[in-house]
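Each chain gets a letter, A, B, C, D, E and F, in the order it is written, and its residues are counted from 1.
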Amino acid sequence: MPSKIEAFQQERERLNDIVMKYAGTGIKRFYNLDWQVYREGALPVKTKELLGLVASLVLRCDDCIFFHLARCKEEGVTDVELEETLNIGLIVGGSITIPHMRRALAAWDEMKGDVARQKEPGDG
Amino acid sequence: MPSKIEAFQQERERLNDIVMKYAGTGIKRFYNLDWQVYREGALPVKTKELLGLVASLVLRCDDCIFFHLARCKEEGVTDVELEETLNIGLIVGGSITIPHMRRALAAWDEMKGDVARQKEPGDG
Amino acid sequence: MPSKIEAFQQERERLNDIVMKYAGTGIKRFYNLDWQVYREGALPVKTKELLGLVASLVLRCDDCIFFHLARCKEEGVTDVELEETLNIGLIVGGSITIPHMRRALAAWDEMKGDVARQKEPGDG
Amino acid sequence: MPSKIEAFQQERERLNDIVMKYAGTGIKRFYNLDWQVYREGALPVKTKELLGLVASLVLRCDDCIFFHLARCKEEGVTDVELEETLNIGLIVGGSITIPHMRRALAAWDEMKGDVARQKEPGDG
Amino acid sequence: MPSKIEAFQQERERLNDIVMKYAGTGIKRFYNLDWQVYREGALPVKTKELLGLVASLVLRCDDCIFFHLARCKEEGVTDVELEETLNIGLIVGGSITIPHMRRALAAWDEMKGDVARQKEPGDG
Amino acid sequence: MPSKIEAFQQERERLNDIVMKYAGTGIKRFYNLDWQVYREGALPVKTKELLGLVASLVLRCDDCIFFHLARCKEEGVTDVELEETLNIGLIVGGSITIPHMRRALAAWDEMKGDVARQKEPGDG
């Protein structure tokens, strides 16, 4: 059974396919810019993903938060780095961000379980 | 089985009935203004629905988006007109609107299927 | 079977436990401030809960709305007081708040049924 | 010389006159609803003005804040009642509301000086 | 002496020059997309400018509003078309948009005076 | 003559003094949390200031942007690091953030001039 984040990512891809069915040049180019902006530059990818995460938190977009959380996991963000980033979002954005922070940390917690689960099948 | 948009509209009506059970004059009059503002005027109804749609997209309200999408369908908005409207919302509102644009285009795609399905029963 | 509001509150507690697993001093202190700000002061608790409710409505956060609605119920807010508060939120925040107002009044309606149901078991 | 709040109110009236020059029925009726929603009802006027104030603070609209502050003054809101209301807005809306809270309290401070000044001309 | 809108546009250009001094490819491409999205397509330019205007109003960005207002003027938008567009923004976005609508109509009023003034120097 | 940023900071301090005149424990503690959240932790101060900056940009608060810009300057943020951070804010938040990005880069440009000016008085 897929985890919540996996289910989210599959649905996200399914819907992006529908977007691409209708998208003209403008939307396609925006998607391209959106992908390039998080690439390695003067700032490392990890920092850029944290920037994307905090922006998503204060704008209160769960889908955007889940996307950047998964990327943060891939980039090796630690629990404390995540907590400090969410704390900044909480202070800037106020208690109205709490429901999103709650769902973010629950997803993070599950993702960590996933990793553990994937490793479990005992390979050393 | 009702489509997602039909299910959304049935739930919307059920909840509006509850609103009307509690609503005083102020809320009732607001509902009335909200209905009148999209009526034919110097601007055609179709343009007004596109205005309602782009406002709903940048404010990121799925229910409002679905409502105006269904109205756009009734007013004969084409795929390209819809795409150009969503593209403006995307540029003005940024990537944070993408999850809503995704769900909007998936609903539009389904609505187009619905129409086809309704016609299908072959009546010439 | 738990009502929608009860289910919401159970899930909320489950997720808050996950938050506390990761929270440092900053997040914990914010939670504390968030709890203290609605306590009796120069303004009565009931007024403060209405302030929290209207702020949650115009910022369009369902979870925050449900939380303050449940507190409003406990503080004896009447139907008309609730309606007047939501009406202010509707005027300030516009039609974009309507889907949230709809869900708020449906939850309120259900909570009132709950109370009745709890009393029903007839114990005089 | 007019105080900042007086200057704000004069400019507000001048601009509202321009609005009325262009306004059709829809905008005029909205203005009317906007005026009626703060009238005495199940909730006292003072509470309604505090609700309008906190909604304006979390939505970060200085003009709206100044308007409700002036009305709060007229309704006899005390310093502590104001502080508790702003504190709720600050917790809900986060540090992003601080610049508006700063300007709100500076305006309040000035308004209190104004009152004193108006009384000063010594008439008993 | 430049009108308010002219002063706004001169300052806007001065600041855009500073942006371009620092902008990398990503920001430059975004500027390009932002310019292209309002070009003639399935929807006429006038409609697209009204879409940009209503999006700017509900997101409450005065600079964006002034920009689209000036473009609307160039595209021959009439007073009533403008009023209907603003009315939709007002209903969707609520009273919190009123200060922006006020400044928008004052700028519009001034722009109309400007046009008259420019013609006045009597050249037939 | 003070630069724009210096003038902004002086006014900010003047207004914060007024806030402290009215602030109860809740507001004072929030100010304290707001100060602590940007301190060195698992993430370096510079990263935290960039997080505060991007959050301020997408929420479109000039005062907050100016504050974090000045801190970024002190922490040695380079032009390119700043540009990449603003670019993320622009993509996430859309063209509605452009007026704020414009003012941010103009302030940054001025601050860089300031530093030069301060050094100029030729002391080696």
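Rule of thumb we're sticking to: a contact is a pair of C-beta atoms (placed from the backbone, for glycine too) under 8 Å apart; a residue touches a chain by one contact, two chains touch by 3 or more.
Here is each chain with its UniProt name: A, B, C, D, E, F = Carboxymuconolactone decarboxylase family protein.
Worth saying up front: this structure is predicted, and the values here are computed from it rather than measured.
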Both-way neighbours, i.e. chains that touch subunit E and touch subunit C: A, B, D, F
Copy of B-C's interface among C-D, C-E or A-B, judged by over half the contact pairs being the same? A-B
With chain centres set to the mean of the C-alpha atoms, which chain is at the far end from subunit B? F
Across the interfaces A-C and A-D, which one involves more C-beta pairs in contact? A-C
Just grab the chain with the largest centre-to-centre distance to subunit E, centres being mean Cα coordinates. C
Separation of the C-alpha centres, subunit E versus subunit F, in whole Å, is 28
With centres defined as the mean C-alpha position, give me the subunit A-subunit F separation in Å. 26
Counting in whole Å, what is the centre-to-centre distance of subunit B and subunit D, each centre being its mean C-alpha position? 35
Among all residues of subunit F, which ones touch two or more of the remaining chains? 26, 30, 33-34, 37, 55-56, 58-59, 64, 80, 84, 87, 90-93, 95-96
Once you've mapped the touching chain pairs, tell me: line, ring, star, complete or other? complete
Within the complex, subunit E is touched by subunit B residues 33-34, 37-38, 41-43, 47-48, 50-52, 54-59, 64, 78, 80-81, 84-85, 87-89, 91-93
Once bound in the complex, which stretches of subunit D touch subunit E? 12, 15-16, 18-19, 21-24, 26-27, 30, 34, 55-56, 59, 61, 63-64
Taking the touch rule as given, give the residues of subunit F at its contact with subunit C in the complex, in rising order. 26, 29-30, 33, 36-37
Applying the document's contact rule, which stretches of subunit B touch subunit A when the two form their complex? 60, 79-80, 82-84, 86-87, 90-91, 95-96, 98-99, 101-103, 105-106, 108-109
Residues of subunit A touching subunit D in their complex? 58, 90-97
